[in-house]
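In the two complexes below, subunit A is the common chain; its partner is subunit B in one and subunit C in the other.
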Partner chain A sequence: MEQILQVFISGILSGGIYALASVGLALIFGVVGLVNFAHGEYLMLAMYIAYWIFNIVGLDPYQSLLINLVVMAAIGYITFKVIMERVLDSDHSIQMLLTLALSMVLQNLALMFFKADYRNIRIDMTNDIMNIGFITLNTPRVLAFIIAIGASVLLYLFLQKTFTGAAMRAISQNGKAAQLMGINIKSIYCLAFVIGTTLVGLAGLLISPIYPAFPTVGASFSTLAFIVVVLGGLSSVPGAIIGGLFIGVIESFAGYFAGPAYQQAAYFLLFILVLIFKPNGLFGRS
Partner chain B sequence: MLKLSNVNSFYGEVQVLKDLSLQINQGEIVTLIGANAAGKSTMLSCISRTVKSFTGEITFEDHRIDGLRPDQVVDHGLIQVPEGRLLFPKLTVRENLELGAYSKRSRNNRKERLEYVYGLLPKMKERSNQMAGSLSGGEAQMCAIGRGLMADPKLLMLDEPSLGLAPIIVLEIMELIKNIRKEGMTILLVEQNVRQSLKLADRAYVIENGRILMEGNGKELLDSNEVKKAYLGI
Partner chain C sequence: MIKKLIVKQNSVLWIIAVGIIIVPFILPNRYFQDIAVMTFLWAGLATSWNLYSGYCNRLSIGHAAFMGIGAYTSTLLYLNFGISPWIGMLAGGALSALTALLIGGITLRLKGTFFVLSTIAFGEILKVMTITSTEVTSGALGLMIPFQPGFANMIWTGKIPYAILAWIYMLVALFISVKLEKSKLGYSLIALGENQEAAENLGVNSTKTMMTAFILSAVLTSFGGTIFSQYIMFIEPTSVMGLSTSINFILLAIAGGLGTAFGPMVGSFILTPVSNLLRGYLAGISGLHGFILGMILIIILLYRPDGILPQLKLLSKRILQKLDKPKKGE
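Moving on to the complex of A and B:
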């Protein structure tokens, strides 16, 4: 029983990160209508930024959090202005090819500049543990979970409570009507894209003390984020949060009962089952 | 106030608007009538700039607006209430209304505008926390008009406000338009409900196949044989 609880909480902790890595994808899809296959690559970039700041300047990822977020926002802004803005009115297939290409370019640039080595950030906290009752938790993972869920909930509140957030929801429901309200939809698209890339960047930063950076680290998170977002009903931010936690728990239990080799198989299987029986996602409406 | 000169618009190969010119003066209520697919909504889309490609000149209060973005047209106070309402279904009535005041011109007066609209449409106040998707047809149209009014329009363009509504509700909507008009609003009303809208109008244009066919005051057109034959079935 104690072990089951330990496994469950461990899953929830991972799930928080998955949620944060996914909410941006859901937001970009919901508001901009763009399927961003390069989403995970922003997580990879943020991990490298954290790594290099740690190695060159000596600031650990938590100390460099603000710098990292600003740089990620800037990268998101530049991507949108230079690349994405040109395909907003294009066919979905063109947009997908473009983001897929962007993902390959970023991976290979990382390979060229940073090599294929696994780069770990070892800070004092990396192996810290805390005990709550009989449960043992790794401190960076707890910290990552708290910040991740906090940021995801902040995004949700931003969408629900602010005027700009209402404009975003309006665009995702009816772009033409939103234009007639005097909403400059391109600038809102840009904002949504920047928020999306910054949040997945934050996810990368949070796992950097416990997970190595390498050029294709984003790819596995991309796949995961896509599954989470589809489970959550595509464009729903709360759906993505719950979907992330859900996948985390599934993965954790699969690892415990069937072995680590089956973790991915477990959530892919679940994914397929959901697509068969609830094609709009667990929380999506038809 | 608003002037269209020689506007041409194409939808693929098909020319939807052909050398269309018309004018609306301050304080007027002008009706544009015509059959389905005559180009009425396309004309409004050209004015609001949601249709990108057209030729010709559109001026509003002596400003050329044909090169602007849709949101910039709204900033000028040229507001469209689109055909089929196009409410945001998963937003509350109140959120829908507030978004009507998104533009620079009324963003800071959001509260006063909302009070004004609630005063004009008490039903919207009752429904304020309900999702807009759950409104009945008539209520949805009221919400859409209220959302347009939130922007503090100089010229309000209503596209088929009576579409799909029961006759009694149509009268209610027409009454509402009359009230808005009394407060000095300039209105461009696009309608298929010819009799009701001509009764309301100071002036009217008849549009057919993308061309202005006739122009005159509301009464004249109501009495004209062509209109009677073509639109009233008499």
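Moving on to the complex of A and C:
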């Protein structure tokens, strides 16, 4: 029983990160209508930024948080202006292929400049442990979870409470009507894209003390984020948060009962099942 | 004469497709002959992928799974039971057809984005299954095929027989594509790709149409997998089933022209040699090769999303028309 609870909590902690990595994807899909296969690559970039700042300047990922987020926002902005803006009206296949190509370019750029080595950030806190009752928790993971859920909830509140957030929701419901109401649709698209890449960057930064950076680290997070987003109903931010936690728990239990090799297979299987029986997502409205 | 040529551009493309087999015979050494084999093989694979995804504009990004089924089926039958890869190729094709029927039954009815995502999931599940069934597939280590030359083993010492085999494979895929384009199935498929609802309202049976094309595409891709494994003589899950392999099908098809019979071939004729030469010359800097390919894809998508073939057709039309004019003046 104790072990089951431990596995469950561990899953929830990973799930928080998955949620944060996925809310941005859901936002970009919902508002801009882009299926961004390069989403995970921004997580990879943020991990490398955290790594290099740590190695060259000596600031740990938490201290470099602000710089990292600003750089990620800038990278997101440049991507949107240089590439994405040109294909907003294109066919969906073209958009998807373009983001696939972008992910290929970014992965190979990382391979060129940083080699295929695994790069770890070892800070004092990396191996710290917290004991709550009989449950043992790794401090960076707890911290990552709290910040991740905090940021996801902030995004949700931003969408619900601010004017810009309301504009985003309006666009995601009906872009044409929103435009007729005088919303500057392009700048909202750009903002949504930048928020999305910055949030997945934050997820990358948060896992950097416990997870190594390597050129293809983003790819697994990309597929994972897609599964989470589909579970959550594709364009729903709260759906993505719940979906992330759900996938974290599933993955954790699959690893515990069937072995680590089956973790991925478990959530892919769940994904296919959802597509068959509830294509609008587990938590989506039909 | 020239006017007829404009109309019959397909016959020019056929002449190129058939005549290209001279190239590996003229090439000076094994290195360049290897590039020729790969060019024909990738042309065949990309053409097979295009049969479903290109014509009805629904990207199957997990399609390398079928290549993997072909490669693993023939290799496992050959290694464990000594069954000739020629028979293994057919067995792989049958297994791929069955898999396509099962997977297609679930995923083909999904709408655009969901379908694309489901193909990725399918590809990844199959890859994970292959990696974890270590007793059968030896997992991520991959399988080696011992070098025992002979026609029955589909293994040869020189590159030329492989070039001929890959070329025949390419021609078969092309022939089926051209036939498809002019058949009711092809028209229905293209109509579905343009507007599914409208096509269904006009009486196109979308499930049956898509399923037929999907199975056809899966079987042909699987044949390519067997040829690939017999040529490289080593297979492992990522090289035959990985996402990057699927992306390569797509890259070649879109570079040449998505949803055209000869587009993927043209794409492969241009990009496979470029890609292989780059890989050869830029081996010192890992990643540069992939970076350049990705950039090529981005540039094509941003500026010429129709691909090279329509551009070439337009260009040849203009040249031919210019050649035609002075004659009229006479």
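FYI, the second predicted complex is superposed on the first by the 286 of 286 C-alpha atoms of A that agree within 3 Å, B and C clash if a C-alpha of one lies under 4 Å from a C-alpha of the other, contacts with A are read in each partner's own complex, and residues count from 1 in each chain.
Keep this in mind: a contact is a pair of C-beta atoms (placed from the backbone, for glycine too) under 8 Å apart; a residue touches a chain by one contact, two chains touch by 3 or more.
Every value quoted in this text rests on a predicted model; they were computed, and no experiment measured them.
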Clash or fit (per the criteria above) of subunit B with subunit C on subunit A: fit
Per-residue contact with subunit A, leading partner among subunit C and subunit B: C
Touching partner for A:K176 - first (subunit B), second (subunit C), both, neither: first
First, second, both or neither for A:A116, with subunit B first and subunit C second: second
Which of subunit B and subunit C A:F246 touches, first, second, both or neither: neither
Touching partner for A:F145 - first (subunit B), second (subunit C), both, neither: neither
Touched partner set for A:A167, first subunit B, second subunit C, both or neither: first
Contacts of A:V87 with subunit B and subunit C, given as first, second, both or neither: second
First, second, both or neither for A:L102, with subunit B first and subunit C second: second
Subunit A-centred angle between subunit C and subunit B, computed on Cα centres after superposition, in steps of 10 °: 90
Smallest separation in angstrom, by C-alpha atoms, between subunit B and subunit C in the superposition: 16
Interfacial residue positions of subunit A with respect to subunit C in the complex: 35, 83, 86-87, 90-94, 96-98, 100-102, 104-105, 107-112, 115-116, 215, 219, 223, 226-227, 230, 234, 261-262, 264-265, 268-269, 271-272, 275-276, 279
List of subunit A residues in touch with subunit B within their complex: 163, 166-167, 169-170, 173-174, 176-185
Residues on subunit C engaged by subunit A in the complex (per definition of touch): 57-59, 61, 106-107, 110-114, 116-118, 120-122, 124-125, 128-129, 131-132, 243-244, 247, 250-251, 254, 258, 285-291, 293-295, 297-298, 301-302, 305
Residues of subunit B defined as touching subunit A within the complex: 48, 50, 69-71, 74-75, 79-80, 82, 86-91, 95, 98-100, 102-105, 107, 147, 151
